[in-house]
Amino acid sequence: MPDALAAANVLDRQITRRSRLLTLPALLVIGVFGVLPLLIIVVYSFLAPAPYGGVEWHFSTEAYVSFLFQEDIFDGTLSFVPDFLLIYLRSLIYAVVTTIVCLFLGFPTAYFMATRPPRQRGFWVLLITIPFWSNLLIRTLAIMMIIRDQGILNGIMIDLGLIKQPVVMLYTDGAIVLGLLYSYLPFMVLPLYSSLEKLDFRLVEAGFDLYATRWQVLRRIIIPLAKPGIIAGSLLVFIPALGAYVAPLILGGGRHLMIGELIAQQFGTSRNWPLGAAQAIILMAGVMVALFFYVRNTGGKVQHG
Amino acid sequence: MAEALARKGLDLKHQPGFHAIAVICLLLLYAPILVLAVLSFNSGDDLVHFSGLSTQWYGKALANEGFHAAATNTLIISVTSMILSTAVATAAALGTTRTRAWRGQGAAFMVINLPLMVPEIITAVATLSFFSLLASLANINFGIGNLILAHTVFCIPFAYMPIRARLEDMDVTLENAAADLYATPWRAFRRVTLPLLMPGITAGAALAFIVSFDDFTITQLVAGPGQTTLPLFIWSQIRRPITPELNAMCSILLGISILFVLASYLIARKRA
Amino acid sequence: MMDQPVAVQRAVRRARLRVPLPAEFDNLADPKPANALEIRNVEKIFGAGEHAFRALSGVSLQIRPNEFFTLLGPSGCGKTTLLRLIAGFEYPTAGQILLQGEDIAAQPPFRRPVNTVFQNYALFPHMTVAGNIAFGLEMLGKPKDEVAATVTAMLKLVRMEELKDRKTSQISGGQQQRVALARALAPHPKILLLDEPLSALDLKLRKDMQIELKRLQHETGITFIFVTHDQEEALTMSDRIAVMSRGQVLQVGGPQDIYDRPANRFVANFIGETNFLEGNLTQREGEQARIVLPSGASLIASIPAAFASSGKVSIVVRPEQARLVAGAEPGALAGTIENIVYFGTDTHVHLKLDDGPPFIVRQQNRREVGAVPSIGARAGVIVPDGLAQVLGD
């Protein structure tokens, strides 16, 4: 009877329409105030800088060119200037180091948490979650206050007579990496924990049953099975670390610039918005490459801790 | 050897050294903030040597005018962003979960999660450019509304996740039962779906609040004069010689974050 | 996607906004129709093209008022789909569903005076027992005192008075089931649908609930439509049974009808235990016929009047209709005992007849002193006249 079928079709379409309507506000807000600004900086990267900040609306590839080259003001020749590239390289190294150390520290931690009795696990997760949601600025400040020359570490060492002069810890490479580590360690632990918690330990038993040592079981059974968590965690550390702003700002003292500060500078004191935009686009390209590898490796959705 | 094993039990899950590393990690994660917090109770003004317990710095911090102004701004911005983003995220979760699949649903999901993918500094400069363009081209400036809008954008995915998770866990037959018992779709939503969704919405709102409350990077680049938030205010205090007053202010902020995390955790636990 | 006439769209939209009172159905032209529910030629196809799945084809049923009607069949036969069509969670691809003469097939569930007891109970976890029971009445806009009175009456009906303020997550499975029943009965629907409600209960509880359900149906006078795959349950509880398989109704009738006179092989096999024999129809007289078996032995079987063909036929004999005899008796089917299975109340003797087919005889254990058959012994089976049944297919 066409009536009932008709009713079913109308109902289907009503449901679909309602779903779209419900999702619309979120898409509008993020579209207008999230995606549109990103498109604007893409456009900005192809414009010329205005003298006091902002842009002048004529097309120019000056920003991208000046990323690698500098024009000699006298004869107009272009010479290769590696400064920006070095900053990117430095950021890349920091991010990679941070990710690796986070992995080596985070994996045992996540494993330990996942192997606690079920009732205890909630407690351990809570312990990791608190730093995860705490203010990043304040956590980084806490580190700064400890490692600076008048800070508590130096103070204790001098008091104990271990050293005479304060050891310079702040404003070094190590300080920045420490800051990055501290910031992003929970980002590694949570996805790893999520992955390891779902591990079927009977597979571990099977490994032992087949004469494997603890190390072999770890290397050939546990780690491969935890791969999704490892990849998710690594991505959640690498991407923010690459574009980090707070850690180098507070712990780097302007001496070991990272990409984040560099971009901020262009929009601040250097008043070269198109250059900043170009630098941001290049960073974004790097992020997308990392994301591309992630999607290829897992074939799908982003996992969150 | 066998007796020892029998006594202890062969713990298959044990990996040597992992326990130690885990404990060290957690200690390292908490040590700096604990030091910070402890020093805020220092009765002297030295940040190295502890002279005694005192809450004087908290008194100073709470009396600080700049701190007040920043707190007011932060409250306005974060509460508004929380409300806006949670409302929008709830609607979006209802539209994308457990419902008949529609074309573009996957893309919508990606857009909703976009703010999580983009490094904060890029979002910050993009937002700055957007609002300056708006101001110069069309003379539109929402004042503190600029910050609120910027915050709402990145709060949405944080509110969305717990709501969606809660929705997916819900039994579909409950809504069938409601319809069977003469509830129209709207009434079924109000009497059955919404009450059961509340823990997820609350958790989402808490997360949205924390994320907005703690934000530094985006706020620093987008904020105009007079729009100082608490994190920005603390940042400005670092230029001066540091006293435990700063520690006290930091501890207050940390305390608020921890409070929200605990609340969120307890709400989630209650429903499990 | 067909483009619907605007009138249909508007009608559906309007229907979704209004909630009816089951009382509407009381004011129809024919207040005492012959059928409480009639299902006419209903088809349901899921999906389209190659992935189309025909869940129901050409289903027609007439269910009478105040009847305990059961849909019986193996999983996948379409009984749950049919139930969902009656409740309104799906719409039929073709056909009509007539409630007291009105076609409700296009109505959404909240516009049908039909209530469901779900398989997983679907109790609202954030409401108390009383709150759950009151829900349907509240949705219908009944005044508060009427709601309270009905809730109390329902609690008494299912014997759950002390638990009325408990949260539904804190009561046992059997108690949840009774709350689900009370909740569905409270609005006094025209029809109550029960979707395998007893499948999650253990045996003792299930038997108790079967008696409960019969009592409730009698006391309320509401038509019950019960879905199950357990044929024993169907036989004990139903006024009438519809046996379904693969989306079609194979036979409708009372429990005795279905059991004694199965219409086809599937029904015979699905309900109870059966013996199948093949033979030749040689003589026919009214409702009886002589069937000659390959071994030469013959017996008199009942035959449906409408049975037209002749020649090779299949007959069914229920194990308890046959009698075991010691050796070769005249008129008995001869065979060898292969297995003896003891069941407490009775014994099943498995024989292999001389001409091939297996045969099971069921004997009640009367504890008389007498010959106890042993495995390997020769024995005979006597099927009294008329107890065998010729199968329709």
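Here are a few things to note about the model shown:
Going in written order, the chains are labelled A, B and C, and every chain counts its residues from 1.
Going forward, a contact is a pair of C-beta atoms (placed from the backbone, for glycine too) under 8 Å apart; a residue touches a chain by one contact, two chains touch by 3 or more.
These numbers come from a predicted model, not from an experiment.
Each chain gets a centre from its C-alpha atoms; the one nearest the centre of all protein C-alpha atoms is B. Set side by side, A-B and A-C show the greater C-beta contact count at A-B.
When every chain is reduced to the mean of its CA atoms, the largest separation from chain C belongs to A. One simple way to say how far apart two chains are is to compare their mean CA positions; for chain B and chain C this gives 55 Å.
Chain centres here are Cα means. That of chain A falls 17 Å from that of chain B. One finds 61 Å separating the Cα centroids of chain A and chain C. Counting partner chains per residue, chain C has residues 108 touching two or more of them.
By the touch rule above, chain B contacts chain C in their complex via residues 171, 173-174, 176-185, 187, 191-192, 195-196.
Those residues of chain C whose C-beta lies close enough to touch chain B in the complex are 16-17, 19-20, 87-89, 108-110, 114-116, 118, 120, 122-126, 135-136, 139-140, 183-184, 187. Listed in rising order, the residues of chain A touching chain C in the complex are 1-11, 13-14. Across the complex, chain A is touched by residues 12-19, 21-22, 25-26, 28-30, 32-33, 35-36, 39, 47-49, 84, 87-89, 91-92, 94-96, 99-100, 102, 104-105, 108, 111-130, 132-133, 136, 149-150, 152-154, 156, 160-161, 207, 210, 213-214, 216-217, 221, 231, 234-235, 238, 242, 246-247, 250, 253-254, 257-258, 260-262, 265, 269 of chain B.
The touching residues of chain A, counted against chain B in their complex, run 12, 15-16, 18-27, 29-31, 33-38, 40-41, 44, 54, 105-106, 108-109, 111-113, 115, 122, 126-131, 133-139, 141-143, 145-146, 150-152, 154-156, 159, 182, 185-186, 189, 201, 204-205, 208, 214, 218, 239-240, 242-243, 245-246, 250, 259-260, 263-264, 267, 273, 276-277, 280, 283-284, 287, 291, 302, 304.
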